[in-house]
Amino acid sequence: MSRLDRTRTSAHQLRPFFSSQNLLNRADGSAQFDFGESSVMCSVIGPAEVKLRDEKLDKATLEVVVRPLVGLPGIKDKAREQAIRETLEPLVLSGLHPRTGIQIVVQTMKDDGSILATAFNATILALLDAGIPLKSILGAVTCIVDSETNQILLDPTTQELANAKSTHTFVFDNKSSITSSPENKDQEEAVEVATLYSDSTGLFSEEEYFECAQICYKAVQAVHGFIRTAVQKKLEKEQQQIHS
Amino acid sequence: MRDADPSTNEREFLLAALKDGARIDGRKFYDFRTLRLTFGAEYGAVEVQLGNTRVLAKVSCEVIRPYTDKPTEGFLMFNTELSPMASAAFEVGRQTDEEVLVSRLIEKAMRRSRALDTEGLCIVAGEKVWSIRVDIHFLDHDGNLVDAACIAAITALLHFRRPDVTVVGEDVTIHTLEQRNPVPLSIHHIPICTTFAFFNNGERMIVDPTFLEEQVKEGDMTVTLNVHKEVCALSKAGGIPMEIDQILQCTKIAVVKVAEITAQIQAALEADAKKR
Amino acid sequence: MASITTEEESKLLIVLPGDQLPESGLMEDSSAAHRLTLGPGLAPMDDDSITAVKAGILKHNAVGNRWWVESNQRRYVAAQGESIIGVVTGKSAEHYKVDIGASQPALLGVLAFEGATKRNKPNHNIGDLLYCRVSMANKDMEAELECMNPTTGKADGYGELKGGFVIKISLGLARRLLDPKNLVLRLLGQHIPFEMAVGTNGKVWVNSASAQHTILICNAIRNSEYLNSAECGAMVKSLVEKM
Amino acid sequence: MATPAFTFTPSTFQKLHPAEFFRRFTTEGVRPDGRLLDAFRPTTVHHGVISTANGSAMVRIGGTTVVCGVKAEVAEPKLDAPDQGYLVPNVELSPMCSSKFRPGPPSEQAQAVSEAINRVLKESKVLDLKDLCIEEGKAVWVLYVDAVCVAYDGNIFDAALAAIMAALKNVRIRKPTYQEGTIKVSGGSTATDENSFTLNLARTPLSATFAIFDTTLTILADPNVTEETISDGQISIALDETGQLCGVTKIGASSCSQSVMRDCVQSAKKRTQQLRDIMNQQ
């Protein structure tokens, strides 16, 4: 089966990843993450000074700014800001930096679908680059259920999205393979998918939703692996003078 | 968050070095920083790096109804909102003086110099025209946002292709990229900005100031020219007073810079066209 | 969930936030006391596990069973005892306000200098560059600075940095510059005499006989961050030859 | 055990340690307002509450009240969609409904709820926008769907979506005639089936929202404003009358296992059915 973007051969294939960290000189941390021809740049400033009215006495204030590629920011971008901020809040150890602000700016560079997932991945790489203390990392993938074939397609392009019956974006942290309940830990190590963020629209059945979650969960493991490799490469480059 | 002022040491060192004939990054006075142009797979998007300054320009289009008093004219719009990504000093929803200046300069250099043929954007007079929108995103601010933004804007416009249309009577068909090759915009000329910064009572002038140089400068001026040595815009908003001769000297330097940059833009566009 | 194995000490152990330290590994050589000292980048979680909270290299020191994550970032978070370079941004009767690149300006007491008394104290102006020691830092308050060694009361090199130029680099590179074996500084020293002060807050002050030399040194330091030894040698050589 | 130096009244304790106060209830399986963890608040739906609007409804979920009015106006269609009308939903959270909202431009929450509802209506194809066409390329109906919250006590998404759906069901628009550039709308003092039309809604999505508490791993149905403020995240599930899902959102809080999500879907099925019955009764 061939995908609409013609570079992929299977429904569960992601587009090639690309990432780059520490690109911007003014920000404390920055990263770009690409899924094929979708690209998002993210910058992080902080822990830095925070406006008095946003100051929190016991933790850092997270601010997320989402900027569209075309046009002025609208309510879609506001909703994305909320989604990214509320997903990061439980992850960021903000209690370590009270009365400070962490500003995250997310800029779409190229849009060929699955922008929210791309933005999540760029954001986590930028936070790692900035050295913001985190409980865990995250990875995000979007999938659709095709309206004609009813097939689940991972990481859809703009063209594929136009044909979707339903669209699902999932975010998983690298702790999400939790055991179902702590008591029967010994009996079965049943790994169960646990979602950090989930956003589904369109028309879909309960089975479709959970199947999408499973498939995206598997795909996100590749994203986690990619993030690990990206960080490793950067660290090895920094350390090569010492360890050679 | 306001930008922190440079320390006295930085300020004095920079001025002393300029007196000595040196710039902090090792450039000569009239050198631009290394210019890099990167295109994506899509038409009309370009990322410009001028040293550490980074700007992304994205051109898009839509069909709209023209104004009744100008039934054959299309639209060209610029969006130059400064993003906090470039510098924490740029806040969302609050325009800084710098933003106003940058926006107006780009507007003057690109739109008022009639670089784009807006009459050529007409599809059906009084009914349908193209509206071209240029979104300029500032990603990293290491000085001279204006020159970088103008290079990005004009390069993106040159790179852009709009869908082809056929008009039969009142019926307008807009062809998708698959059906028909998209068509380039008709660009009259390529305006390029050259920004100068002045130091030491205006005796020392440099091209393409970095952020630190901008913080220490006494004044600046932006000359917008095209390769035909036509002045499109000239902007000197405040700063120290200058001799007329010096302005002439600036334009002479700018002529050389504009030729270099225009050649580089065209070479980049040709290289990209070959890959497609 | 990736957990960390501690077998190969020679290889770099890269950890990401969320990676847990294995319990067995933690206690392996804590023979004297079952005590564990956690350094930067590691934190105990709600489920009693020890988890990395920053991306970096897991480091271990058997003395005191210390574990930490060697990571790199650009934003400074003040830590007691560190030497930093700051810029005076304000002054009052009791304190100088000093920008040290952290979330808030730090306070430097006007008497926190060698031999300073109420009548006889150094006078610094806004914009002055100071090499200071962080005398107190915690997450809830502004950091406090001093320009002397607290045990001897001597200046020990702390104080105003006059002339020269200052650049901002990553905190990781600054730490590496403080290593006496640092390659780029040794190479530069073979060609050019210069003086410098490295702040752990990523600010580096450089001074030499001429502006050109200072510029060259600053550029060489900036360029060295991602180069290996051979590339670093070539980079310094080409810069020196260009002079 | 020594007696503590000072004791608190329950209301003082609640003010000082809202999260702890709350946790002591939930560990016992009840909530401060007397509800069980999985209980939704009493809900009422009133149709046609605004006589000047083309359609309207008022929905009350516990202390949250949302009034929704639909106004139909004639507009020019977009050039690239000449036969489609517009559906413009908007949720307003003004200082009137709670002191937590400030006057001025819409808050982030108001924008996010508006966007979430807009996506449910659009993506689950509630209304064919071609039904709103009067004359292709010339005139179409634009439906302004304004949901105004008059009292805020949490769970605005469920209340606003229900109010919007009830109001859309209630819409009656006079039949227009298009003649040489002018639109005539049939008159008469009362709207009847002859001179007006109703909307042909493909489905009626309704939602159920749950609050997530990380420390106790508790899931609460239909959170009120206090519960919302101290909760870590929310799950919202929208379903249509056939049990088909029209939207699932989990935002905030730590990771939630699939079994929790499944439980929420089951609970949402029951709840939306109940809500649907209430809506159809009145």
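Should a chain be cited, it is by its letter among A, B, C and D, assigned in written order, with residues numbered from 1 in that chain.
FYI, contacts are C-beta pairs under 8 Å (C-beta built on N, C-alpha and C of every residue); 3 or more make two chains touch, one makes a residue touch a chain.
These numbers were taken from a predicted model, which means no experiment stands behind them.
Contact tally for A-D versus B-D: the pair with more C-beta pairs in contact is A-D.
Chain centres defined as mean CA positions place A nearest to the mean of all protein CA atoms. Subunit A and subunit D have centres, each the mean of its CA atoms, that are 28 Å apart. In this assembly, the C-alpha centroid of subunit B lies 45 Å from the C-alpha centroid of subunit D.
In terms of their C-alpha centroids, the spacing between subunit A and subunit C amounts to 31 Å.
Shared contact sites, meaning residues of subunit A that touch two or more other chains, fall at 45, 48-49, 173, 175.
Residue positions of subunit C touching 2 or more other chains: none.
Interface note: chains touch in the pairs A-B, A-C, A-D, B-C, B-D. Every residue of subunit C that touches subunit B in the complex is listed here, in rising order: 87, 89, 99, 125, 127-129, 161-166, 205, 210-212, 214-216, 218-219. Residues 108-109, 111-112, 114-116, 118-120, 123-125, 214, 232-233, 240, 244-259, 261-262, 265 of subunit D touch subunit A in their complex. In the complex of the two chains, the subunit A residues touching subunit B come out as 23-27, 37, 39, 41, 43, 45, 48-49, 65, 67, 69-72, 103, 105, 107, 109-110, 112.
The residues of subunit A lying in touch with subunit C in their complex are 28-29, 45-50, 91, 93, 96-101, 128-131, 133-137, 173-175, 177, 227-228, 231-232, 235-244. Residue ranges of subunit B in contact with subunit A, taken from their complex: 1, 40-42, 45, 47, 52, 54, 56, 58, 60, 79, 81, 83-88, 92, 133, 135, 137, 139-142.
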